[in-house]
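Presented sequentially are two complexes of subunit A, the first with subunit B as partner and the second with subunit C.
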Partner chain A sequence: MSTIASTMADYRHQLRNNRLGLWLFFISEAFLFGGLFVSRFYLWGNTRPELDQTLGLTITSILLLSSFFMNRAEMAIAHDDRRTFLNSLLITAALGILFLIGVVGFEWRGHIRPWDGAFGAVLFGMTGMHALHVLSGVIFILIVWNNGRKGHYSSERHWGVEACAIYWHYVDVIWVFFYPALYLMGTVVR
Partner chain B sequence: MELEKKRTTPSTPALAQKRAAAYRLGTIVLIALAVLTAIEFAVGRSGTAIVALLIIGLFKAGLILQYYMHISLLWSDEGGHG
Partner chain C sequence: MRILLSLGLVRGLIAQAAGTAFGMALTMAIRVLLGLPAWNAEPVMVAGALVGVISFLVGVGAFTDWFKWVKGEETPMRHGPPEGRPAWTRYLSVDYSHKVIGVQYVVTGIALMLVAGLLAWIFRTELTQPGLQFLDAPTFNTMISAHGIVMIAAILLGVSGMMNYLVPLMIGASDMAFPRLNALGYWVNVPGAILVVAAMFVGGWNTGWTGYPPLSVQSPLGTPLFLLGVYFVGLSSILGAINIIVTILRMRTPGMTLFRMPIFVWASLAASIIQLTGTQLIGLSFLMVVVERVLGMGFFNPNLSPEAIALGSPPGNVLLFQHLFWFYSHPAVYIFVLPGLGIISELLPVFARKPLFGYRWVALSSMAIALVGFLVWAHHMFTAGMDPGLRVPMMYSTLLVAVPTGVKFFSWVATVWQGKLSFPTPMLFVLGAISVFLLGGLSGPPNGTVTTDLFLHDTYWIVGHFHATMFGGFVFPFFAAIYYWFPKVTGRKYNETLGKLHFWLMTPAFWVQTLAQMDVGLKGMRRRIVDYDPALGIETGHLLITIAGFVIGLSILVMLYNLVRSARTGEVAEANPWRSRSPEWQIPSPVPEHSYARPFVVVGDPYDYGLPGSTYIQFAPSGASE
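Coming up: the complex of A and B.
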């Protein structure tokens, strides 16, 4: 086996281990988010507080759109399209920041406060923990963007991009369940 | 400038075609997610259908796991980026 082929085989082996490690991390994170999800049903039951539906739908759409651009960035670097890769990363980060503004700047300034009993505790616990992950995801994206700008990734080697993309989509998957649990399920209690 | 052009221009028509197909798939998944979110919103507004909302959520999560997170690469023997 030539040196190049051997190096690529090593890289692929390492890639499989990295990927498995990342998914194990996601499983551990699922317990955290799962606990918050279950606490919503335990404490709220078949009720929910009155929340701004337009805001909920808007921030959900923003996060879904950000996942699209993150996927576009990953596909771009996998197919040697550096300009689309860098632009898509920046758009994803911007959408992530918009999502944070929607949650922290608008939802958290609504009529429910963290000390308002079960409604406040669950709402702020779930959105707060999720927002923290969005914030870390945005930082991760900006680090990958900076590395990408310096030419650290190629179509053959871009584990950093793949890990960042999978992490971002994971945060999106969490919101896929949190959004209906907070905004849509149960009867509104005024 | 020349290097930048080389990096952003498809090297072969086959690569350009593969890339276009990858972008197209991403767009199709986004449209499916948007439609499911619209259905979810309508179902949520119409009543307290918790099970229906959970099922829609599972479909959305499945789409993201399969097409955006490439979960199938976990048990792929090739070990590449997919």
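Coming up: the complex of A and C.
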């Protein structure tokens, strides 16, 4: 085997390992979020606190929209379209930051505080753990953007982008479960 | 001095101290800015601990390559001992070789075992007589809590050590799938263990290893440090599990189908699945206690503030903790024992010169135990006041675990049956393991049956039960493995006489200890209590437990003396002293840096000892690779 071909084979082998590893990490994290999810039903049962529905719907839409741009970024690098790739990444990060502002700046400033019984504990526990993951995702995106700007990715080699994108979608999907559990299910207690 | 400062460990420790101080100062500054009084021990210490752990990892160098990746730099993999420094220094610094990391894990595990064992010596001395002798209740409580959790950490490290060293060798992989992650997975234990040990000195804690609220929400300042320390040890489990699973699923040598893998590899796979998933839930439950303490988030607080009542909030519930905690901590016992039971199945055929009986069944029984193990957690809560409807299903699922466990027992007995047995030290420990695990296993079903557990729960009977299962399922096999692979790791022989002395001291002492524990438990001795009523008539029992405990400890010191001395001056070992078929014994000892100079293919079944003409592996002709 020529060296280039063998390094490419090595890369593909490692890529498959990386993918499996990342998915195992997701399975692991699913148990963390699953534990929080179960706690919500264990403690809140069929009730929920009154929350700002407009805010909930807005941040959820923002996060879903961000996943679209993330997908666009990944498609772009797969076609070596660096401009679209970099722009889409920045938009994704910006939307992620907007989401965080929505959670931390507005939702957390509502009438419920962390120490207010099980409502406070679960609300802040779930949104807090999720927000931490969004934050790490935003940092990840910015790192990838920075490396992308220096031209480190190509259509053949962009595991960093791929990992970042799957991670982002994953965190997004978690919210798809958390949002109804917090905002929609059960009867409002006043 | 220069060498000392170049050691990752030393740098990490300095960084942890500095980071802790910085984290505390930062928190105090933020508190002042928020208009709060600067000093509040709880949040300041928690923040300090977190920053300290991260600083350790940066200081030790576990993140160095990743920081370079963040900047977009390439980081070629380095092999071999560090340049310009003695070879031993690699064991005290970040190193990516699975063989080094395996040894690091095992040595750290044994060190923690010594710490926890010392605590046991102290509080067992206290318990030889009723009344208070030289310990007060808070110190005693801290000591038994620390004994429990440090031992558990030690076991997790021992398990990871064996898996790290053996799995890649057994499946013919050049290393683990993610060497850097592997190193991080090891090093995160060190600051974690430091937090747990430090917790003893900042007020201690009195919850036992389980950390149940509401006590853990109110207990002294050591509690959050203990909880966070365990959290980081758990993180190591998760990272290690990812590595092991990917390595096993993706890096086996050609011909090694799933059903030609050594049993130890199967056991590692099963244990890793539990570590990967379950660990998150003990982590979550401990984190919840920390935030309840620091931020007042009432996950487990049954009382409501007037504001919360005005919001109509439901109260917290302590049982939530127990559910989350045991959903991990029951399966966790299988993390401890599955690899150990794998070692038993691995070594018996070698010393009986016979095929392992029912290979497929044994392989699948590990998986079955791991999966059924997730369905039994509430057998720890029969007396806790949980939904009574859960009791009977949990009882049946618990008893169901006996089936795959029984499969292993039958396989062991049938393997030994009419074998050409020999009894060097590893074999003795394997047989000791089987006898002790039988005792532990048989004492399980009474706990799992609701009617009997109502009387047994929280007594010394339980203490006897889980010491027997842990010793039979982990400690004895772990020692067997240490003796068995010692020539492979060091290239030298251990001293057989001292090895046998270790065995003959430890095994009878252990039997005495466990039976006496069960006996005093049945007579009414509670767990985790510094004092007891002389009228129970259990003083002799307690004396026996203490004496036996000292003998066990001494026997382990004999082992350490033996290992350390033999590693330096022992006779040079022959290549394959046990006449094993396993690939790691077909290459020189100690294992070369790149384990297999020539790749091998698997052409037969692993345990066909004594069958004429059977082969397990074949090395590629030299020069075929590259």
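Note that the second predicted complex is superposed on the first by the 188 of 190 C-alpha atoms of A that agree within 3 Å, B and C clash if a C-alpha of one lies under 4 Å from a C-alpha of the other, contacts with A are read in each partner's own complex, and residues count from 1 in each chain.
Everything below uses one rule, namely that contacts are C-beta pairs under 8 Å (C-beta built on N, C-alpha and C of every residue); 3 or more make two chains touch, one makes a residue touch a chain.
These numbers were taken from a predicted model, which means no experiment stands behind them.
In the superposed pair of complexes, A:Leu55 makes contact with neither subunit B nor subunit C. When the two complexes are overlaid on their common chain A, residue A:Gly45 makes contact with subunit C while staying clear of subunit B. By the document's definition of touching, both partners, subunit B and subunit C, reach A:Arg16.
In the superposed model, A:Ala163 makes contact with neither subunit B nor subunit C.
The residues of subunit A shared by its contacts with subunit B and with subunit C are 16, 20. Per the touch definition, subunit C reaches subunit A in the complex via residues 69-70, 72, 177-178, 181, 238, 241-243, 245-246, 249-251, 276-281, 283-285, 288, 291-292, 295-299, 301, 304-305, 307-309, 311-317, 320, 323-324, 327.
The touching residues of subunit A, when paired with subunit C in their complex, are 16-17, 20-21, 24-25, 27-29, 31-32, 35-36, 38-39, 42-45, 47, 49, 111-122, 124-125, 143, 146-147, 150, 152, 160, 189-190. Put simply, subunit A touches subunit B in their complex at residues 12-13, 15-16, 19-20, 23, 46, 53, 57, 60-61, 64-65, 67-68, 70-72, 75-76, 78-84, 155-156, 158-159, 162, 165-166, 169-170, 172-173, 176-177, 179-180, 183-187. Taken in their complex, subunit B has these residues touching subunit A: 4, 7-8, 10-11, 15, 18-19, 22-23, 26-27, 29-30, 33-34, 37, 40-41, 43-45, 48, 50, 53-54, 56-57, 60-61, 64-65, 67-71, 73-74, 78-82.
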